[in-house]
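Working notes for the structure below.
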Amino acid sequence: MSKNNIKNSLKTGSDKDGYFGEYGGIAAGENLMHNLEELKNAFEDAIKDKKFLDEFAYHCKHWIGRPSPIYFAENLTKKIGGAKIYFKQEHLNHTGSHKPTNTLFQVLLAKRMGKKKIICESGAGQHWSAAAATAAKFSLPIIGVMGKIDVERINQNILKAKHYGGKLKVVPGSLREAITAAIKEWSNNPDYYYLIGSTCSSAPFVDIVRYAQSIIGKEMREQFMELEGKLPNEIIACAGAGSNFSGSIHEFLDEPEIKKVVVEAEETAALTNGTKGIMQGMVTKFLQSDDGSKSLGGTSLGAGIMYYGISPQLAHLKDIGAIEASVASDKELLETYKLVAQNEGIGISFEPAAAITEALKRAKGKPKDYIICATCCGRVEKDLDVIEKLIGKDFE
Amino acid sequence: MSNRFNKIFLNTTQKTKLVAYFVACYPSYEKSLEIIKKAIDSGISICELGFPTQEASGEGPIIKKAHDHCLEKNITLKDTLKLAKEVRNYNKNVGIILMGYMSNVFKYPIDKFVKELAEVDADGCLIVDAPHELKEENQLRNALTEKNLSLIKLVAPTTTNERLKIISKFFSGWVYSLNFSGVSGSKSADLKQVEQMIKKIRNLTKLPICSGFGIKTPEEAKEVASSGCDGVVVGSSIVEYIEKNANDKNLTQNVGKLIKSFILELNKQ
Amino acid sequence: MSKNNIKNSLKTGSDKDGYFGEYGGIAAGENLMHNLEELKNAFEDAIKDKKFLDEFAYHCKHWIGRPSPIYFAENLTKKIGGAKIYFKQEHLNHTGSHKPTNTLFQVLLAKRMGKKKIICESGAGQHWSAAAATAAKFSLPIIGVMGKIDVERINQNILKAKHYGGKLKVVPGSLREAITAAIKEWSNNPDYYYLIGSTCSSAPFVDIVRYAQSIIGKEMREQFMELEGKLPNEIIACAGAGSNFSGSIHEFLDEPEIKKVVVEAEETAALTNGTKGIMQGMVTKFLQSDDGSKSLGGTSLGAGIMYYGISPQLAHLKDIGAIEASVASDKELLETYKLVAQNEGIGISFEPAAAITEALKRAKGKPKDYIICATCCGRVEKDLDVIEKLIGKDFE
Amino acid sequence: MSNRFNKIFLNTTQKTKLVAYFVACYPSYEKSLEIIKKAIDSGISICELGFPTQEASGEGPIIKKAHDHCLEKNITLKDTLKLAKEVRNYNKNVGIILMGYMSNVFKYPIDKFVKELAEVDADGCLIVDAPHELKEENQLRNALTEKNLSLIKLVAPTTTNERLKIISKFFSGWVYSLNFSGVSGSKSADLKQVEQMIKKIRNLTKLPICSGFGIKTPEEAKEVASSGCDGVVVGSSIVEYIEKNANDKNLTQNVGKLIKSFILELNKQ
């Protein structure tokens, strides 16, 4: 989408039809095509507008509290014995995850487009509370759609969003059903702005969300150059659909010497275990039945990374070997949470625990000047009760 | 394009044709077949056989519920093709198209789907989430064309003139004109808008145009028909009737009566 | 304590006996005098050590995520009609309040002093979770003391602290009893480091905590000069004992043209309604019985500002007219929470709601170029359930 | 300084004097008076009358509980002074000091407190949380000195030599040597340390030294006495006995017996 001087750059975004190699595109009804095109034009226009970008940067700084710092996890580094482990502290953002960077960007875009109402979906409720906060700040009414399963296990985000003024619609199921329901609501109300929470669905959403979140990697570059005088050797981040990971690595896509590792929940690892298919508005890897009529996949403690699909861009990048993929189990998430809390005094949510699990595995035995940076994209509050219930006695 | 659509729309006994949407194999394979046969006998010109998929992103709650029922009973696209074959065996003249989502077709995969679609002597298919920008749509369309089958294209009220011009190049069989932008069964059609749509499309094609979405009653069907379209598509309303009366032993007879009531109104024009 | 070039500067800290005017001092048993002197010497030594200060600054940046940004509350400003309302976003710090800046400073000090174990008290649990996080990061065991009343109403902070590895001792009562019990525990274990959570108790604690927190005001100066080209006309912050307020205003103490307004919980407003007395290791204003044998005061929703005493420095500053004092009621806290959530998309805790309540009152009708900055020292998570219970239906 | 302390410590019938701490007016005004009279009759040399305060930051749970009991019954410093007066009326020779915290004294306020202390013919007071650095301590100390009363100063094991030298200038009446740094009733005294403390203090003053904190049994009292101190202070142990037997009709007699058992052991030296 954007231009770039490097030949065969991986940073150019999707092609004119929204594809990344053979993935992506638009698998949407004709009734959404106009919305998507309008959105694409508005997006391309907005990112050429310095005033718009300045406004985004202003609110990133003052409202979200960006840049989020990088943090040298010294105790874990010593404990593991090997590479220097860093966290990119996205959990310090307002609302407690990487999500508000995306909601801020898109709500500004919605305003620019003159949209009067916003609709969004959510899995972990993290996107919902960030979206509702952003909508409140910019005085736009917002409707959120969440699956009943998620609503039942995530409480705080839902209360917060309610207090910001968001109206929640609960549908049976989980994130999958929420996305479908939100898209249907959007079909019925083409005057709404559909504020998607991750790098999924039809073009141009993948590019938009990735664009907003790529500030993560940009900050990382500056911060590592300042602190270490060099870039990390590996960047690791978890992925539900992949906005956090895409945002973390985008800046470095044309630097193949930097390893990029995406970690999915073991139970819903579309990138590792999925097959190519067409669902949810896009062509990508999904956990699905052989005939494509149903999605598959289990339940992970990491509500935010429990998604049976994956960003089409990531499916492409994995196919061409530009990124590696791994998985983390519930047991590992809990163990990593505990390690990070007790050694670094940071209470992380389950999602970044997936990334840090992988970071700890990879750090072991590596040279002392090898740097691994894991993006820590969420804080524990939403998961605290579950953790206490499952392993509370381990802390006594 | 199959010759059958030509014949159907050239036939002048009925000014506006009735296109009926069924969720294939719903409420069961046998019952569905019986219902469709009855519908054909009652006067429908084209039957759309919806194959079930979990997302059904274009469908409202009525049709979605029937999809979910079929999925639970492990009905697949394969079963729908089988059903299509039995329908064709029953009647050589009725138009048959399979309607659904790319997900299933892509996994079938595309070439096999088209081959079998030709084998059962259906007339084409309609894929809700396959705009021409989708590479997989191109693949499907090319394969269908090769077998002389139609990929029915949709046009929405939000489709711009510029885009309509592009899509019109891919029209085949007939054109499905959506009466509103939204999921099935969610609103009623607005006649003014429908008329405008039909006019706009007519300017670009000689193919028949069927107007669908939001037609719930015979009266509404008649009203939409007055827009000048060549056919009207009735979906949610039929599916809802079947849902609500699935256990009625007179279900088949009554669906026949329902269809007839639509035909009756359409013929009043 | 520290030297300063301005004549009669208010920024010099307490006198050699720990007094601010007639307040402060040391009202402690002889068995604590050695500890306090050791601490005073260690503190004075540490703040002359550039390496120590650099280490503090390093962890402030990378672990806590400082500087916390200032934020122009544009919607509230418009709604109120008057002065520009700003928030200093201390809630974006790691652990969600201004507290970790103090715990970080003191844990580094404890390490420097070679202390092997830490003890602390807590009211809202905010200090406890920050202290436990810090102790975990610096690998020191920690014991926390909290009142039963507070433990029962504050859950998340207690769970978090437990997960960081902190051991909690519950005593009957509230913050008052927790402080006394912690001090007793310290008396019994003079080898512990007593990590106090606010600007209270005997010298040198008031100076230490204020020193650590004064980074708030320093950041404010820089940030306002950058963003507005001038300093705020008023700075407002809530106070339990007063670390947040002291930290917010210290930088500006010698600039009388900047109004400084401290806001207490109406039910425990020691500065406004208290009388001079000697309790809790210090001379200051307390809500107390006429004979000095008992403390008085009711219960506020703002658990963190529910303290029947006040920083002796603030008692002094109020006496000499350098600061103003106000109060906020529970009803106001709830109303302000709602206003901030719905208009700015920020979920604040009850404590900063006190400051913002006052800011909104004062902003009304003021000239458009008048700037009021309220320190937003906590996020809502710990109070969310209480809010939902009390006014949840108002959001429907 | 009152002459009474001189007399008490010059008296040689008992080598090591017994200083007994009571929570004044505990369990009730009358009972407390009765107990203290009995204690005097049983041989204590000095009685410390603790006045109740909420914080009682130097006290462990035993004494704190008695304080809380008094506070609930709205016992104040005023009542303690009244009690002191009745004790003095009963016995002209026993040393009487009021013991407590600055909070109450400050609010009394200081001058009035000292005036009344003199009026009841007590010998001074001991304020736990009033180091000489505290301005209010200076004020209190000056007022007491003017009335020839003592502010008993404390020395702790953690008090540095340098500091001890400074404090020694403020010694009056006798010196309270703390056996450990910690709250009352929390630990036992360590003889080695006590000996060292006494020696250190002796080097700086001619005044009597009483050793307190952590003396729970007559045997422990004897052991501490062997350190060379002039008196031992027993507090928690007496208060605990009263707490546990508050409803015993023989309470007064039994406290007398308890005191006697301490005296007996002390006299065995």
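Which chain is which? They are A, B, C and D, in the order written, and residues in each are numbered from 1.
Please note the rule applied: contacts are C-beta pairs under 8 Å (C-beta built on N, C-alpha and C of every residue); 3 or more make two chains touch, one makes a residue touch a chain.
Note that the structure is a prediction, hence the values are computed from the model and not measured.
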| item | value |
| --- | --- |
| Reference subunit D; chain at largest CA-centroid distance | B |
| Distance between the centres, which are taken as Cα means, of subunit D and subunit B, whole angstrom | 100 |
| Approximate Å spacing (C-alpha centroids) for the pair subunit C, subunit D | 38 |
| Rounded Å distance between subunit A and subunit C, as computed from the means of their C-alpha atoms | 35 |
| Interface hub residues of subunit C, defined as touching at least two other chains | none |
| Contacts with two or more other chains, residues of subunit D listed in rising order | none |
| Touch-based graph of the chains, sorted into line, ring, star, complete or other | line |
| Touching chain combinations (by label order) | A-B, A-C, C-D |
| Interface residues, subunit A side, partner subunit B - complex | 17-19, 22, 25-35, 37, 176, 180, 183-184, 187-190, 276-281, 283, 288, 290-295 |
| For the subunit D and subunit C complex, residues of the former touching the latter | 52-58, 60, 71, 76-78, 101-108, 128-131, 133-136, 153-160, 163, 167, 178, 180-183, 186-187 |
| Residue ranges of subunit C in contact with subunit A within the complex | 61-63, 65, 68-72, 75, 89, 92-94, 132-139, 156, 159-160, 162-165, 337-338, 341-347, 380-381, 384-385, 387-388, 392, 395-396 |
